[in-house]
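Next come the structures, one after another.
Both complexes below contain subunit A, partnered by subunit B and then by subunit C.
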Partner chain A sequence: MKEVDARGLSCPEPVMLTEEAMKSEAGAIRVLVTEPHQKMNVEKCVWDHGRNCTSTETEDGFAVVIEPKK
Partner chain B sequence: MNLTDSKKKLALAGLVCGLVAACLAYFGNPANMAFCIACFIRDTAGALGLHSTETVQYARPEIIGLVLGAFLISAATKEYRSTAGSSPMVRFVLGMILAIGSLVFLGCPLRMIIRMSAGDLNAWVALIGFILGVGTGVIALKKGFSLGRAHLTNRMSGGVMPVLMLGILVLALATTLLKSSQSGPGSMHAPIALSLIGGLIFGAFAQKSRMCFAGSIRDVILMRNFDLLTIIGSFFVVMLIYNVATGNFNLAFNTPGVIAHSEHLWNILGMYAVGFAAVLAGGCPLRQLILAGQGSSDSAMTVIGMFIGAALAHNLGLAASATALNPETQEITAGSVPLNGKAAVIICIAVCFIIGFLNKRSENK
Partner chain C sequence: MNEEIRLTQFAKHGGCAAKIGPDTLSRVLGRLPKFSDPDLIVGFETSDDAAVYKITDDVAVIQTLDFFTPVADDPYTFGQVAAANALSDVYAMGGEPKIALNIVCFPGDLDPDILGEILRGGAEKVREAGAVLVGGHSIQDDEPKYGLSVAGLVHPDRVYKNFGCEKGDVLILTKQLGSGIVNTAVKAQLASEESEREVIRVMTTLNKKAKETAADFTVHACTDVTGFGLLGHCSEMADAGGAVIELGVEGIAFMHGAKEYAEMGLIPGGAYRNQKHVSRLLDTGDVSEVYVDLLSDPQTSGGLLFAVPENEAEDLLRAFERADLGTKVSVVGRVLESGTDKPGIRLCDKVEIK
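Up next is the complex of A and B:
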């Protein structure tokens, strides 16, 4: 699974990196972020692109797993 | 509590913050400065003796309330995270630029919106510069700009800024150590308790809604996302209604008493520097205070940069003077930006370009 490590990066970098990854990867993508608002921004970005995701809390933030493109 | 999942909730946050600002203006804050981050940091820097301009010295409880409000709500909703390490000294410099650019225009982005809602056409001119500055920051972001990663650090580090703010509040309430203006904008303020409560409410709603004046325009340019702009829109509407209702709406350029000037080029360039620096720092002056409250030591460095920048703006004669009316002769003296201020803005913009186009994400793996 492709991984985007956006931990500790300032807004809007996590969303920009997620968008970039979704353009090049049709399969599942795991995005790592630190802040709760970044998790929400990434989720919103994924939904805006017509894909689904599920988020879980990690030791140092959150992991948003984007489902493969349908 | 999540205020970011619908535009209605975001608009509500803007409405509440607008009501707080209107309330504080009604109860004594300078009318068109109802809630200005740069002005209030400058006043607080003056109260601490960091500069000696006697008309702008007052420990503004709004600033203290903003940081403490963000701290308390983020702790209560488990969003407090003590982080540090993302180019802190670069962020310090960006903080200085935010303050200097704001004081050349005479207001932060928040006050720009408040001035726009009062019909001050100078603020509408400055908006052009602000949008262009944000746009330049977006170009830097698209070219890979990054200040690198922040890391989780000791819990105490993130709590230092809220504790320092609490310390200023204690000094203001329990001692006579802090300076307090007897005339001028610094002498005009709402009662302390009201200002503090207003700051706490504003801080809490700004934290939960991610309110950011630079971020709102950045998101529109970068992602065609209007979420954050919704907050600013409803804030503007509330202030517009307040200004019309109280007779403070005056559609004009030369408006003595508003604390503004009509040097259009420098209004544009001042806010250009602010917009550019705010995108590079990840948020406007308000957002920096909120992030500092929720544990970011990097944003706390930006806030300290704003204190030093504001102090320098007055110590080195960089801040603009406002258009004023002589009550005896009824003569209007046009406000202006001193030569030192013009030079400082040019330097600030040059520094933004250096920071924006030399810090790449690829260097910070």
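Up next is the complex of A and C:
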């Protein structure tokens, strides 16, 4: 699975990296972020592209797993 | 001057989004000793915009301080925004700015001409406000910061407070919302030119004309909408006056692109902090989530929020139109109840005004 490591970055970088990744990757993508609001922003970005995702808490933040494009 | 430098890249949080969250602030400020003085008209108990101290029966002095990290890449623009934002606290108390002092933090290794431009932008706004700029204080810091300490004057009987709104009042906001979100989109290089121009125009506009226009009307409460977003500042108004406020999202003016950028997840962290802070008061009804994000968006150099009696609202709106503020004025909501022990904010699509 393609991975975007946006841990430690500040807004809007996690969203910018997610945007970029979704443009080039139709398959599943895992995005790692540090803060809860970054997780929410990444989720919004994913939904805005008409894709779905599932988020889980990790040791040092959150992982948002974006489902493959339909 | 080095044209490659983008000032906003020095700032982790830009503008009023850099504000320490309201939850943290109230916890820390609650531990400070209480000061009292019979001539202190407004202190910090009600989270108002500035301190107001009565000198004589006809004159009170307003004292305020505001500064922040870059919200614009262009130093001159940043100076203008920071100064307009600091001067606004005086307008929000109903006063006229008289004396301003610069407060500056600037990296030792950055071109001093950049600092010169920041200060020039600030000075220009002070001049436009009709006040005098008389020096200030500067220190070296890795992250540039700029703002003003402003002293203004007001008649003690005509001080605008953030509490005192009454049942039936109409809430009018003098600038469109969205600066935190649009600035985040600018930082992500995803904002349209139109949005970028609009956010700069709105942030650099003084609240002078808005305050002067409202002087001919009954104002029950007033505050400027800044870092806590419309919801945060409404919650202060509601809390302080035991009011129940209804906000109609479809009537509220937003900056071009703000809704679209919020849906893309270009939302500053401060918006989520603001949402958390107002959650105990907030009933979002059936309103779509994006509006909650827009209404909690931290504003930099936002407009004045006036609570005025319903029978004067239409005339005030017309007076704002004649005054040509250069920003979008809108009716954001109304006060359903006041003086209750259950303050609250309800969101709906539209508020009806007679």
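Following the convention adopted for this analysis, the second predicted complex is superposed on the first by the 70 of 70 C-alpha atoms of A that agree within 3 Å, B and C clash if a C-alpha of one lies under 4 Å from a C-alpha of the other, contacts with A are read in each partner's own complex, and residues count from 1 in each chain.
The rule is simple: a residue touches a chain if its C-beta (ideal position, glycine included) is under 8 Å from a C-beta of that chain, and two chains touch if they have at least 3 such contacts.
Everything quoted here is computed from the prediction, not taken from an experiment.
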After the match on subunit A, would you call subunit B and subunit C a fit or a clash? clash
A:9 in the overlay: touching subunit B, subunit C, both, or neither? Say first, second, both or neither. first
Just subunit B (first), just subunit C (second), both, or neither: which does A:40 touch? both
On subunit A, what residues does subunit B touch that subunit C touches as well? 10-13, 15-16, 19, 35-37, 40, 44-45, 48
Inside the complex, what are the residues of subunit A that reach subunit C? 10-13, 15-16, 18-19, 35-38, 40-45, 48
Going by the contact rule at the top, pick out the subunit A residues touching subunit B in the complex. 7-13, 15-16, 19, 34-37, 40, 44-45, 48, 60
Enumerate the contact residues on subunit C facing subunit A in the complex. 12-13, 184-185, 187-190, 262-269, 271-273
Name, in rising order, each residue of subunit B that touches subunit A in their complex. 2, 4-5, 78-79, 81, 83, 85-86, 141, 146-152, 210, 215, 218-219, 222-223, 225, 227, 281-283, 361
